[in-house]
Amino acid sequence: MHGSHRRHRGRTKREYRAKPGTVPGAITVDPNAARPLIRVFGFGPTAYTEQEVTDLGCLEQFLETWPVTWVNVDGLGDAEVIHRIGAIFDLHGLALEDVTGVHQRPKVEHYDNNIFIVARMLQPGNRFDTEQLSIFLGHRFVLTFQETPGDCLDFIRDRIRKGLGRVRACGSDYLAYAILDAVVDAYFPPLEAFGEELEVLEDEILLKPTKQSVARVHVLKRNTLAIRRAIWPLREAVNGMLRDATPLISDDTRVYLRDCYDHTVQIIDFLENHREIASGLMDIYLSSTGNRLNEIMKVLTIISTIFIPLTFIAGVYGMNFHTDISPWNMPELTWYWGYPFFWLFNTAIAAAMLYYFWRLGWILTSWTRPPEDPRRHSNENKDNP
Amino acid sequence: MHGSHRRHRGRTKREYRAKPGTVPGAITVDPNAARPLIRVFGFGPTAYTEQEVTDLGCLEQFLETWPVTWVNVDGLGDAEVIHRIGAIFDLHGLALEDVTGVHQRPKVEHYDNNIFIVARMLQPGNRFDTEQLSIFLGHRFVLTFQETPGDCLDFIRDRIRKGLGRVRACGSDYLAYAILDAVVDAYFPPLEAFGEELEVLEDEILLKPTKQSVARVHVLKRNTLAIRRAIWPLREAVNGMLRDATPLISDDTRVYLRDCYDHTVQIIDFLENHREIASGLMDIYLSSTGNRLNEIMKVLTIISTIFIPLTFIAGVYGMNFHTDISPWNMPELTWYWGYPFFWLFNTAIAAAMLYYFWRLGWILTSWTRPPEDPRRHSNENKDNP
Amino acid sequence: MHGSHRRHRGRTKREYRAKPGTVPGAITVDPNAARPLIRVFGFGPTAYTEQEVTDLGCLEQFLETWPVTWVNVDGLGDAEVIHRIGAIFDLHGLALEDVTGVHQRPKVEHYDNNIFIVARMLQPGNRFDTEQLSIFLGHRFVLTFQETPGDCLDFIRDRIRKGLGRVRACGSDYLAYAILDAVVDAYFPPLEAFGEELEVLEDEILLKPTKQSVARVHVLKRNTLAIRRAIWPLREAVNGMLRDATPLISDDTRVYLRDCYDHTVQIIDFLENHREIASGLMDIYLSSTGNRLNEIMKVLTIISTIFIPLTFIAGVYGMNFHTDISPWNMPELTWYWGYPFFWLFNTAIAAAMLYYFWRLGWILTSWTRPPEDPRRHSNENKDNP
Amino acid sequence: MHGSHRRHRGRTKREYRAKPGTVPGAITVDPNAARPLIRVFGFGPTAYTEQEVTDLGCLEQFLETWPVTWVNVDGLGDAEVIHRIGAIFDLHGLALEDVTGVHQRPKVEHYDNNIFIVARMLQPGNRFDTEQLSIFLGHRFVLTFQETPGDCLDFIRDRIRKGLGRVRACGSDYLAYAILDAVVDAYFPPLEAFGEELEVLEDEILLKPTKQSVARVHVLKRNTLAIRRAIWPLREAVNGMLRDATPLISDDTRVYLRDCYDHTVQIIDFLENHREIASGLMDIYLSSTGNRLNEIMKVLTIISTIFIPLTFIAGVYGMNFHTDISPWNMPELTWYWGYPFFWLFNTAIAAAMLYYFWRLGWILTSWTRPPEDPRRHSNENKDNP
Amino acid sequence: MHGSHRRHRGRTKREYRAKPGTVPGAITVDPNAARPLIRVFGFGPTAYTEQEVTDLGCLEQFLETWPVTWVNVDGLGDAEVIHRIGAIFDLHGLALEDVTGVHQRPKVEHYDNNIFIVARMLQPGNRFDTEQLSIFLGHRFVLTFQETPGDCLDFIRDRIRKGLGRVRACGSDYLAYAILDAVVDAYFPPLEAFGEELEVLEDEILLKPTKQSVARVHVLKRNTLAIRRAIWPLREAVNGMLRDATPLISDDTRVYLRDCYDHTVQIIDFLENHREIASGLMDIYLSSTGNRLNEIMKVLTIISTIFIPLTFIAGVYGMNFHTDISPWNMPELTWYWGYPFFWLFNTAIAAAMLYYFWRLGWILTSWTRPPEDPRRHSNENKDNP
């Protein structure tokens, strides 16, 4: 039931490790995963070639021919293919297990002759679902494994094809950096969208809060949390690449990695900021709920307390005491000005009540006026600090 | 009273250290604990034997014969047996005390010739009660002590029997890793169940909150806390095994331990995530309580404020002022169109009130419509970021 | 006024340092403190003696005769006695000042020839008031100073007398460890009591919250805080003894101290756990307050909105419009079936209202049923995960 | 829509990195940015010159002539200019990219022959919007890049012109310090204004809370957050300059940088303080909302419960039971003193009700008295501690 | 306006740095500051002299004559005096700037030949306003600068005069320690007063919460915050003095400084404790607001729901249906026992209602009984743990 539930909502991807008790290092493949599509780039400062590969045997030839070989695998549905690539590039079994177990935290692991990087990449056109991108950085090659086709790396492919920037001139470490940088930079647009939605929600909650606002703040917070879980360990991973002495990453590339690290820190900054503002909005919503209740109750109380005594008085003069038995029995009913006096008396009571409520500040306050922008006060102050 | 209370609820296991003042290093046995059941595996790359042991003397023979001996003790009810095993494998008194004092935090302690690991293992089919698993890792042996029969290690026994994976080929350190890994992996299914329950609760609280929801969130948070107390120190313990230089753990196995460490970090990640979402749900529930109160009060206020003035007017014309005494006494009662005019007047008042409430936005708002899914707005945005 | 207030409540002990400006290192004695009672143990592996001392001169003889001398001082009311003991055992003035200034945080200070340990000991039969226990650990002696007679060290005295455990065979460092361990272990029973009270409160707040529950949660949190202030720095202190290289503590004893350190960590674990659960209970209580208000208001609103229109209609037909003046003036009053029709009409209105409230879910909901155990849902899930 | 929204509000500047996928190290210029205005200072202990530069070629001459050259660029709208300055002073491409990508976190980066500092500078007359100030500190030069004309550095220009202070006598490192110090000190006046607004808000919320107060507290918290995001990493950056051994900063200047570091710590102190007080105010506002509701409900309850029974009694005597049929049918209506007795009875009921409410403490409490200053109690205590 | 506001409230001292852009190292004097009063102590183990100084020239003579010279400056209104003292004792310009800029965070700075300590001293008889105390510790001298006369150092002066304690026998470092210790110890009495006020507030909020309680908790929290801002960096500063190797502080004095450090830690402990309890009280107050609202609404609901049906029935029998037209028109009015039956019926309805409310637990609950002490339950438990 839960499975179908989640499917038609499409809210959360299954992220947990599937079966406890599987042999460590075994490559287990999700039977629903897509068949792998393998695209290889080979390039050097002056030339490049690009090829869709079906026979894995040609990969070794790429490795010999080109200064840098980039093998990109889209779809993890064939354990055999992944196993053979692992053999060709001499990858560790545990790393290969993590490639197909698409539930990893971002991390960097140093093996003898390569660095294994796990990152989580936002799917294009999606604001918070991530797919796992596994990167192997070796001496003359970069391998990338994705769960599904479609990614944010087309900029890099274009730059390789057109020879833009430094990517063709530098080694495999610069390519790995460029991929990581593209992954990190792809988090900025949804963050910007979150920030804008937060501003809209802020306006809404300060001026005209509705029940929907709270739920939207909650969804925003949860999505922020999801991005945070993807980017926080990535920051640690990039930092690890910066700090650890490995011959696979040149000093030149380290300068660029520092830039990439700065971007992750910036994203975390924004996330924390969003979270604090969202928490504050929740408090304001709660206070506004209380305010609205106060105003509803004021309306009820004013109307009730004005009319209840009047109704009582009208009730009194509806009583059937026999006026003819004694002069003490409801003589008002027989007065000449009795009825006008009744109205005079009632009007006086109502006026006294209204005056009392007005002095308490309950009348002529905010619920009759259109809501005012509460930030105006602050903005005025801003002009003459 | 508390004891029986707890027993029929079955909620919390007694976890505290029993009697202050017992001699340090003394093995104290819970008189209700099960009698020990001892099962020994001896194996090497090519062969294995498996035996239920009653005479402890044969353990030494195992140690001599097999490259790796795994002694598993189910049930801690016999101090003599534990004492004798301690003597055979040369274990420290304090460690043996911790084996029977089944209330330990997960930890790793390095003794001269063995490593003592305490972990907390989820009982199969149970989502948050843990039992203590004590592991001794020596040069050619692994000892495990459990409180009750039934564990999550059958995968490993099968792999030993069938020679699957690397467990037969590697030493005792790999076996200890495999056991730890199985313990850690057993936390994923209940975590997944928690996550699913959290999603159900999220739907429930956003769309149709009830009093039960809060209690269920609380229970979920408490269970999350219980798992956190088991897994957080385990992370530290595994990290300690990774960092400390000990000849008992080979570099090959360290690579696997790093994988196990990653899993503990992942579990903590999920737990923190669950906790934040659960806290947010609590806030939303509180706000929804306020919203429902507002809507109840709106109903009351609208009905009351419409009818209270009308009732007053009806009361006025029920008064018994003598219309024959003066022309000022309730002349309306004697008008030809008096009664129709009364209804006209009342209808006008009611209409004015309704218009006023409609302008305030109190009418035709959410309480008459079915509740709407508040996430729709966000999902729409998602499509065109 | 405040003083007497506190005295008849007996809630908080005065803990602050008394007079700013006293000379550092001066021994200032609380005039109300008890007179010291000095009891000395001298023991070695094979023999022991025990004596209540009035003449301090004999202490030096103990030091010479016995491998380990344990001087316990109950009551800090005589500066002269403390001064002389300080002279005999060569103690630093600042340490002696701390002995009588019974307001210290737990700490460990290393002096040239002894280690000064301050711990806070729970008074037996008391769940959160602590007294200061000052311990000096020297080469062949241990000194302990307590504020009042009665402590949790009788176990150790018995072990010395009966030669149980290792205490007679080991040196003064093991005795100091045993004392610290007894102090730490004495925190477990009140913690267990807290945990049980928390479970009772949890039941109470989830099922039938009262105003008293909140206050009891608050008192529990405050007491937890008090224990935390005693045990948190003690953990640091024990850790300091573990880490610092001092010849006064042997490596054998360090292993035991590590065990003691584990216990302090375990206590802090429980405290944090208690605190989180208590905070959660507070939230649930707040939400239950809102729920009860909602239910009260539902009752009021249903009764009011049903009867207010009916009362209005009854009022209408109580009006005295003259039915004889025109056929338009309240003709209903003269109908043959007028009164039955009135009841029919009213019943229809009431039924419509009830139907409306039933559709809103306000009727036949929880306030008529006995409250249900909200944890049942979770427990059911537990059986088939 | 969002863009225009933000523009007419003028609330938030766009801060996010613009286009993912741009080549790293490429200088991308905001097409709306102002054209650069370049002003150069050259000075030594005894002389100075100041010049607005259009031909960048003269900068090299400045470098040769003067001990210190300060190039200030206002406006980042011309990539060519920035590129050429980068070539003249030998700046790294990534640093130049950060200069025009005006969305950086404050940071310090050490390049081979210069230090690159990013700070965020408050625009004069603005309390929380910051612009990016990029500073390059080289051996004999300081470069500063700002987004818009107008800054808080005129004090320094004056001191150079008039030879005040040490700025002329010291090297480029002191100038860079002076600029940083001016940027940091410019945060104090708005912080002071925040503190004063917080005091006003505190008075308001404690004595006479309105809906506006909450929104103003929220705006203040958000602005505090904005400043915190600018100043927190700046503290780290200044600390980095203090700690890192670089020949570009002399020990003398380090002493001054320590002072600047102290100022950033002080600002963070104030910010944290503001934040805690603001959070506390939010809690008080929530509690005051509840209090006001209580008082509104008290008014309603008192009036209702007094008049509802009275109205019932008046209704009773308005019934038309035929008094002539039986002596049991409403004999009160025919009593001689019936009507006066009715009033007596009603007055007694009302008095009993009022007495009951008075004993509950609902009458003659705070809502009839002007609100009292709650701090008076504390201030009185202050005089006799 | 704000200035006058603050002045007549006397709540907050202006603490911010005055003018951004002043030359670093320049001594700027508050024109309203008091004129300096300089008092010099010269002392050695056997003798001392004390003198009020107007001619600064004699200070050098003091330095030559006495082992320790203590110059205390009360009032910072004369830049010239401070400048000359700086010249005599060879003080750094930045340190002198901090002396007059009386807004510093507590800190310790090591200069070549002296240590500059900034502390914040509680003004005697004031619970939370602090003044800046600047201390220079040199080889044979201690300088102290205060904002206003009156301090907590008279104990030290007395000890110097009477030769009490170690102050005369030790060097300038012990004097500096004694001053710091006096400053720290002066925080204990107001903390004790806070703790007592917190207990009073706790009683008040648990038993009889008023609106004033919240404000007083808030003021207490703010004052706690103020002390925390003074003492937290002081702890760091004292710790710095302990750790840094400087020949100006002897090892003997370091032992005493450790004691002073312990006191700062103890103060922070109390502050954190106060803060947690105060936060808890706020929660309880909020819950009590909800409880009171519930009880108010119960009163209203009970009275309303009992009388509303009764009033309706009375209204029915007040209707004027013509009983003579048909036997179906209100025959009850003509029954012999009609009126008594009406009362019987009404009493039955009211009784049923009351029984219903009693079963809901709304009647005979807490609002009629005096509030009970909620801590009684806990205290009872205490006796039999």
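By letter and in written order, the chains are A, B, C, D and E; residue numbering begins at 1 in each of them.
One rule holds for everything that comes next: a contact is a pair of C-beta atoms (placed from the backbone, for glycine too) under 8 Å apart; a residue touches a chain by one contact, two chains touch by 3 or more.
Quantities reported herein were computed from a predicted structural model and do not represent experimental measurements.
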What are the chains that chain C and chain D both touch?
E
Numbering shared by both copies at the chain E-chain C contact, with half separating same from different
different
Go ahead and note the Å separation of the Cα centroids belonging to chain A and chain D.
24
Between chain B and chain D, what's the gap in Å when you average each chain's C-alpha atoms?
39
Send over the residues of chain C in touch with two or more other chains.
189, 286, 290, 293, 297, 300, 304, 308, 311, 315, 318-320, 330
Chain order, ring traversed from chain C with chain E following:
C, E, D, A, B
In the complex, go through chain D and note every residue touching chain A.
2, 5-6, 11-12, 14, 16-17, 20-26, 92, 94, 98, 103-105, 107, 109, 125-127, 189-190, 193, 197, 211-212, 214-216, 218-223, 225, 229, 282, 285-286, 289-290, 292-293, 296-297, 299-300, 303-304, 307-308, 310-311, 314-315, 317-320, 323, 330, 332-340, 342, 367
Can you name the residues of chain B that touch chain A in the complex?
152, 154-156, 159, 164-166, 178, 181-182, 185-186, 188-189, 191-192, 195-196, 199-200, 206, 255-256, 258-259, 262-263, 265-266, 269-270, 273, 276-277, 280-281, 283-284, 286-288, 290-291, 293-294, 297-298, 300-301, 304-305, 308-309, 311-312, 315-316, 318-322, 325-326, 328-330, 360, 362, 366, 372, 374-375, 377-378, 381-383, 385
